[in-house]
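Across the two complexes that follow, chain A remains constant while its partner is chain B and subsequently chain C.
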Partner chain A sequence: MIAREEGLFSAVWSVLRKPVPPGFRSYLAFGWMIMLLFVLQIVTGILLSLYYEPKPNAAGESVQLIMRDVSSGWLIRGLHHWSSTGIVVLALLQLLRVFVAGSFRRSPTSWYLGCLLLLFVFAQAFTGSILPWDNQAFWWATGAVEAIESVPYVGPTLVSFLNGGPEVTDHTLSRAHALHVMVFPWVGLVAVGLNVWLLARQWSRQREVQQ
Partner chain B sequence: MIVVLAKGTKDAVVDEVLTELKGYGVGARLLEGAEQPLLHLFDGPTRAARSVLRFDCVVGLIPTSGPRIRRQGRRFYPYHFINWSTALLLLLGILVVLAGYLPPGGEQEIDLASNLAVVETPWYLRAPDNFFTLFHGRPAWMAWLSFFGLLLVGFFVPRIDRFTRHWIRGRWPLVVVGTAFALAWCALTLKGWVL
Partner chain C sequence: MIAVLPADCDEGLLAELCLLLEGRGWTGEVSRGEEQTVLVVSGPESLSDLEVVLDGRVDADVLPIGDARFYERRRRNRRRMHGLVGGLAILVALGLGLPVLSYLRAPDSVFAAYEFVPVTSFDRLQEHSAQLVRVHSRLVLVVRLEGERLFALSAECTYMEDCQLEWSRERQQIVCPCHGGVYDLYGNVVEGPPSIPLTSFDVDVVGSDIRVRRGV
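Right, the complex of A and B next:
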């Protein structure tokens, strides 16, 4: 009514001007925050990758370089670290909220996607925590390898896939880096996109029913 | 309530409408920046603003509260957009403070003489980690079977709910199970750390 424009702007404007049904408010509030943190992760991740070297002898040094010598490096790394923590917390709270509110009854597919997304968020956070390749990261990787190895039947195969051998080696770091940078973000992006699409479809259906 | 005035409405006419609204005890202010003049009614009996529809310059009224708004919800833009963007700015501020005061580690060189018991598990994995310690002294497959069992139950909640909904009615079972899960998760996370 106020702005009549043609094309893409008009489409975006009409979506932005639609009323948000009361039942969707908290869904969108959590989704909005997770999306922002996800974008922050991507931006800070790209900036960190300009200096980070995923090699066992150089990883620690490159992290120290980022923290001490790179301009605002401490802020970029700190934001990357704390936003990943934020995503884990928000994703857990969102899934709990969806469960307690019974929202999964409206769209079970969203629940399945949310569960998968939570697993990927955990995996993303863990592979990221290994990348500094310091004492803590090394022993975290060792602990994870030992835990995965004890999975009946598939454990040793999984370990050799993640490690390139039975023990934590240089390959563990490069594979964790590959998963963290090239696999999990895309999986996360697809899952988030699908979730948003499902939510939008559900939203428009509810509006049709109301009208 | 927002009063939408026609494009190019003269200031004198806008003042006339404002005076009319003031007469009804309605607090209103002119919103700048839009393509056409808009009046935001923020105080008093805003329903009385319907009377200004008799002015030729008044194009329409957009309600921002009332039963229809409660039923259909408020528009994403500007209400939710502004609220959530403010929340996001706050969140960003908290992240910057955390980054400054609690920077991530990563400066200790690898010490092969160290061991797993000395290094703390990441906080988000403490709950699953402590879940496994509950099975200490038992075969590993038991722990993994229970773990995967719980994961599958969690994943197939909608399916389980479809079967159980006939004999467990209402939302209270979800609240009970959700609270129990949250408490168990917190207890397992804090076990050996704070508890």
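Right, the complex of A and C next:
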């Protein structure tokens, strides 16, 4: 059957009608979607850091400034907030897929790296939620710190490292900020880079086998 | 149209097919490859006519080829699609780029926040009373005790920012009518659910004017 349509809509329609390649599955896009959101996190994070002040008596105020006074501040903070939620959901779905499909057997290193990245994603979400330093952030930090403290053996040490002491204080904010901005992003970048390198190596091997 | 035939297709059969095609006023050109033989057929007849000729003689797949107008249309559609996708990309880039550019320019209140702003005067603010004022879009409670003892604190409860704080003359403290949070005049939480202290503002007096700025 030869198409006879004319015009712009027919051009769009002919693209939409194109059959999807046989090997394509929606869940294969999870990894790339996480990468895209990760880049968005870095860009919006840098933009937010232009106005955010990590001081206990100014943090809440600076977040309010971003939301109320800075042009499109609500958009930048919203993108940062919601893309982090998106990463958590997609990272869980991705690991679940790899686990259920048994793909971890093909590249165990990539699987362990993925688990490490999930921990990193949780750590980033946790430290990021403390930064507004409002009442909600304070109680969220208190609850999370108590949960971490209950981890056998390492819990109390981790908590004293996070808080700089036994309780949630102003130091918790400084440490959360340092981890969120200066430590975890680099850990994430290295882990993502390693994962992409491992996958690229695996794909090139598969291609060689196919040829 | 193109007919794809097996690679080991018999020469005699191919010659016979070409003759049949020529008999109908078509032309047939054979091209032999390692994996298959391709028979290119040109003529005014339709796909089904060619299938009738081939039917029973050889196991062939017929691929239709459109006329020049058909391919011109496809090329035009491709160009339109490129334009559409490019236009959309520019729109998305502008849609994200313009807010980012406007975001980079710090609002006036960022710099103005460090300058004293006249908010009230001693004539209007009696001793042991408070006045609610607005400083760069923030609600601030200016409290005057005796003489020139002045305090300025954020009037938004840290437990729930929509709750507007009030001055309690009896208690000499700042109270929240929503959840019962109580703060002292330095912003510290005295009782109630809040955990974060109030932001305090610097106060300055010039003549009878009372001026306030963000705490440095």
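Note that the second predicted complex is superposed on the first by the 183 of 211 C-alpha atoms of A that agree within 3 Å, B and C clash if a C-alpha of one lies under 4 Å from a C-alpha of the other, contacts with A are read in each partner's own complex, and residues count from 1 in each chain.
One rule holds in what follows: a contact is a pair of C-beta atoms (placed from the backbone, for glycine too) under 8 Å apart; a residue touches a chain by one contact, two chains touch by 3 or more.
No experiment lies behind these values; they were computed from the predicted model shown.
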item: Partner chain in contact with A:I46 - chain B first, chain C second, else both or neither; value: neither
item: Touched partner set for A:V190, first chain B, second chain C, both or neither; value: neither
item: Partner chain in contact with A:P19 - chain B first, chain C second, else both or neither; value: first
item: First, second, both or neither for A:N135, with chain B first and chain C second; value: both
item: First (chain B), second (chain C), both or neither touched by A:L75; value: both
item: Partner chain in contact with A:G60 - chain B first, chain C second, else both or neither; value: both
item: Partner chain(s) touched by A:A178 [first = chain B, second = chain C, both, neither]; value: neither
item: Partner contacting more residues of chain A (chain B vs chain C); value: B
item: Partner chain(s) touched by A:M33 [first = chain B, second = chain C, both, neither]; value: first
item: Partner chain in contact with A:A200 - chain B first, chain C second, else both or neither; value: neither
item: Chain B/chain C common contact set on chain A; value: 2-3, 15, 60, 64, 75, 133-135, 138-139
item: Sites on chain A touched by chain B in the complex; value: 1-3, 15-22, 24-25, 28-29, 32-33, 36-37, 40, 60, 63-64, 67, 74-75, 77-79, 81-83, 85-86, 88, 92, 96, 99-102, 104-105, 108, 111-112, 115, 122, 125-126, 129, 132-140, 142-143, 146-147, 150-152, 207, 210
item: Complex contact set, residues of chain C against chain A; value: 64, 66, 70, 73, 76-78, 80-81, 84, 99-100, 102-107, 109-110, 136-138, 154, 158-161, 193-197, 199-200, 214-215
item: Chain C contact footprint on chain A (complex, rising order); value: 2-4, 6, 8, 10-12, 14-15, 47, 50-51, 57-58, 60-61, 64-65, 68-73, 75-76, 133-135, 138-139
item: Residue ranges of chain B touching chain A (in the complex, touch as defined); value: 4, 34-36, 38, 59-60, 62, 69-77, 80-81, 84, 87-88, 91-92, 95-96, 98-100, 102-111, 114-116, 118-125, 132, 140-141, 144, 154-155, 157-159, 161, 171, 174-175, 177-179, 181-182, 185
